[in-house]
Every structure is written in structure tokens, then in C-alpha cells.
Amino acid sequence: MEVLLFGIAKDIVGTSSFRFEGGDVVPQSVLELKERLSETFPEFDNLSSLAVAVNSEYADDSKGLNLGDEIAIIPPVSGG
Amino acid sequence: MEVLLFGIAKDIVGTSSFRFEGGDVVPQSVLELKERLSETFPEFDNLSSLAVAVNSEYADDSKGLNLGDEIAIIPPVSGG
Amino acid sequence: MIVEIVDEIAPGQVYAELSHPNSGGICVFVGAVREFTDNEEVKALEFEAYKSMALREMEKIAGEATQKWELNKVVIRHAVGKKEVEEPVVVVGASSAHRDACFEACRYLIDTLKERVPIWKKEIFKNKMVWVSAHP
Amino acid sequence: MIVEIVDEIAPGQVYAELSHPNSGGICVFVGAVREFTDNEEVKALEFEAYKSMALREMEKIAGEATQKWELNKVVIRHAVGKKEVEEPVVVVGASSAHRDACFEACRYLIDTLKERVPIWKKEIFKNKMVWVSAHP
């Protein structure tokens, strides 16, 4: 499972991507992934909002995750 | 007093301008000018509206006219 | 503020005219000749202006817009003469710090131009010519 | 429908892209870098995109606009990388038979892009850098 990080999320974690491999404790849902990030990097709690995309689609907290998914951590967008 | 005609007004009267000279019976107001035009060219009564400009400003029917004025007959505008 | 009546409009140039270091938003409207009016094929439009008064009215409208909204730049440019399908006939635009002002001002510019500016448009069809809006 | 993420935006080209024989109206919005944010001088903006998803979202937004309004052409183009004051960063536009549709659609395109498209903007000031909207 590849996790891409953008904008301030990339700065907080200090990398533009990381992977969960089969041997890792892989988060089962979007919510679990968000919780995991907040625990490790409390600064995520200070953001205005935090969205997650699964395979290039915005995903609800309840969305289940699979090892082959491309995940993106989406802090508040500010295009335009 | 020079009277300029535009758009369909020019087609109705058949000229793009005419003059009232000192010796003519000159209309004293915008209303009188409009009435004069309608009498001579009844087709003016068929237009959606008819405005008059005196010295490049829209003028009310009550506006008085002077020999030195530049008058314009303004049928419904349709720019843009 | 640029207010002009011209023979040919080059819409691409208007962005440079509206650009400004404190304009985060630029809104432009271009009016062009449409091929069909009420399902009848239009061959061309012909525009005629009472030029001196049209320029005064366009200046007033641009001034009104800068009173109503905080604008950095305003352009109103209308073409005269014969224009064929897809050719631009009018371009209006405004630039402002934020986008609300330029959108609202741009809409005001074109709406008010169409109401007040002494310019007339003749539609040239295959078999007839019609002064637009002249009759009810 | 043109949906693109590019390094440089040439706003002048969009008019030709939106022109259409049945479009009497073309409305274009250009977003550019402003010199000041809250009275602080901005040196530059830097844009980063999640490109594959951003393109999908831009396509969806363009599709939604063509569902909501009768449009002949739609363009959404966003720039990435570092942009200096007055440089264009986004251009959206629509063309339609009458002007209501293209104005409303153009506004929808930019408003919805700003809400949903995964693109991020960092403001570069003299002494600091700020990811816009990241914090409450």
C-alpha cells in the first residue's frame, strides 16, 4: 500500500511517500490510517481538515483499505 | 440643429442626418421632435422604443432644444 | 481604464491589459457572432455606433463599475463593421484582488453596455436583414 | 473539453479554445499571483498537484458544468511550480449560446476547483513560507 503525501502533510511527515508492506500492521480503514498518522505526528490535529483519497477518489472514514491501493493524504486544498 | 439617425431610424428616414436651420420651424423639445418624426414617418410608432440624445446625452421628452444642439435619434440599442 | 471602439477585436490581448500586481482575479467576457438565431442561419452581423456618445456611455459604465466594486483595471472594447460567425464583437473585463468583484463587475459591464450604449446590430440572413430588438 | 495541468499558462490562447460557431458568449476567469496577502509582500507562490487525481477531479467538474448548463466548450487549466507576482496560475472558461450560462458555469468551475481539486499553494514571503488554508 503506497501512501502519497502532499502540501503540509509532506512537510509534517518529512517524506512525499511511504509504503505499508504485507509484513506491516496495515490500517484497515481510512479512519484507522488517519488515527495512526495523528498518533505519530500530532501536528495533523492542528490542520483545518484532512481528507484521504483511495485510488484517486475522495474516501469516507469508513472506506476499507487494501494492500494494492494508492492512498493520498490530502490536507486542505488551495489551488486556483 | 443637426439630427443624426442610426440603425433602423436611418433606414426609416432614408438618410443618416438632416438639419433644422434658423428659417425652419424648429422643434422646441424632445417630445415635439419625436411627434414630428412620427407624423412624417409613421413607422417610428412600430418600434419597441425610441430615445433621443442631445449633445451625446440621453434626454427626457421635456428637454428643450437649441439650434446649436447635436441631436441623435436612438432606436432600441443592440450592441454586444 | 480602457474604453475603445475598434474595427477588429483581438481577445487575447485583454489579459495583459487587465493584469495588475494586486489582481488575483481577472474576469473577461467576449461576445461573438453566433451562427443561428431562432434556427435561422446568420451570414454576418453588421454593427453601427454613434461613436462619440457610445464612448461616453462606455466610460460612464466603466466608472460606475469602479465605484461599485474595488477594481484595479477595466476594459470595454466594442467592434463596429461587418463581423462573421465566430468573430468577436465585444470584450469586457475587470481585474480585482478577489474574484467576487471581477465576476460581478464583468457581468455589470456587459449587461449595462447592452442596455445603454448606442450601438446597433443588423443580422444579415440569406434573404433578409433585421435590426436586432428594433420591433417588439 | 480541455482539462490540463501545465508548467506555464498562456491566457491569450484560451479564447481560441472556447470559440464555437454557436457560442455568442465566452466567459473566462484567470487567477494570478497577487503581490500582497494581509499586507505582507508575497515573493512567489509554489503550486504542487496530486496530478492524476487533480486531472480526474477537473474532468468531473467540467462534466458537472456541462450537465448543469448548455455549454459548447469548457477549459480548465492549472499551473504547477513556482509563480511570481502577476503570473497566471489558473484559467477556467466556458462558451455558450447566451451569456447567462457561460458566466454561471465559469464561476462554478473556479469555485469548485478551489474546493475539491488536490492542488496546494505555498506562499513564499521574505522570511517564511506558508501552506495556504492549512490551518484554521
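Just so it is clear, A, B, C and D label the chains in written order, and each chain counts residues from 1 on its own.
Quick note on the criterion: a contact is a pair of C-beta atoms (placed from the backbone, for glycine too) under 8 Å apart; a residue touches a chain by one contact, two chains touch by 3 or more.
All of these numbers come straight from a predicted model, not from anything done at the bench.
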| item | value |
| --- | --- |
| Both-way neighbours, i.e. chains that touch chain D and touch chain B | C |
| Inter-chain centre distance, chain B versus chain C - centres from mean C-alpha coordinates, in Å | 26 |
| Whole-Å gap between the CA centroids of chain A and chain C | 48 |
| Multi-partner residues of chain D (at least 2 other chains) | 31, 110 |
| Set of all touching chain pairs, with the criterion as stated earlier | A-D, B-C, C-D |
| Complex contact set, residues of chain B against chain C | 4, 6-8, 11, 46-48, 53, 56-58, 72, 74-80 |
| Residue ranges of chain C touching chain B (in the complex, touch as defined) | 31, 47-50, 52-54, 56, 78, 89-90, 110, 113-122, 131-136 |
| Of all residues in chain D, those that touch chain C in their complex | 11-13, 15-16, 19-36, 85-86, 88, 97, 99, 102-103, 106-107, 110 |
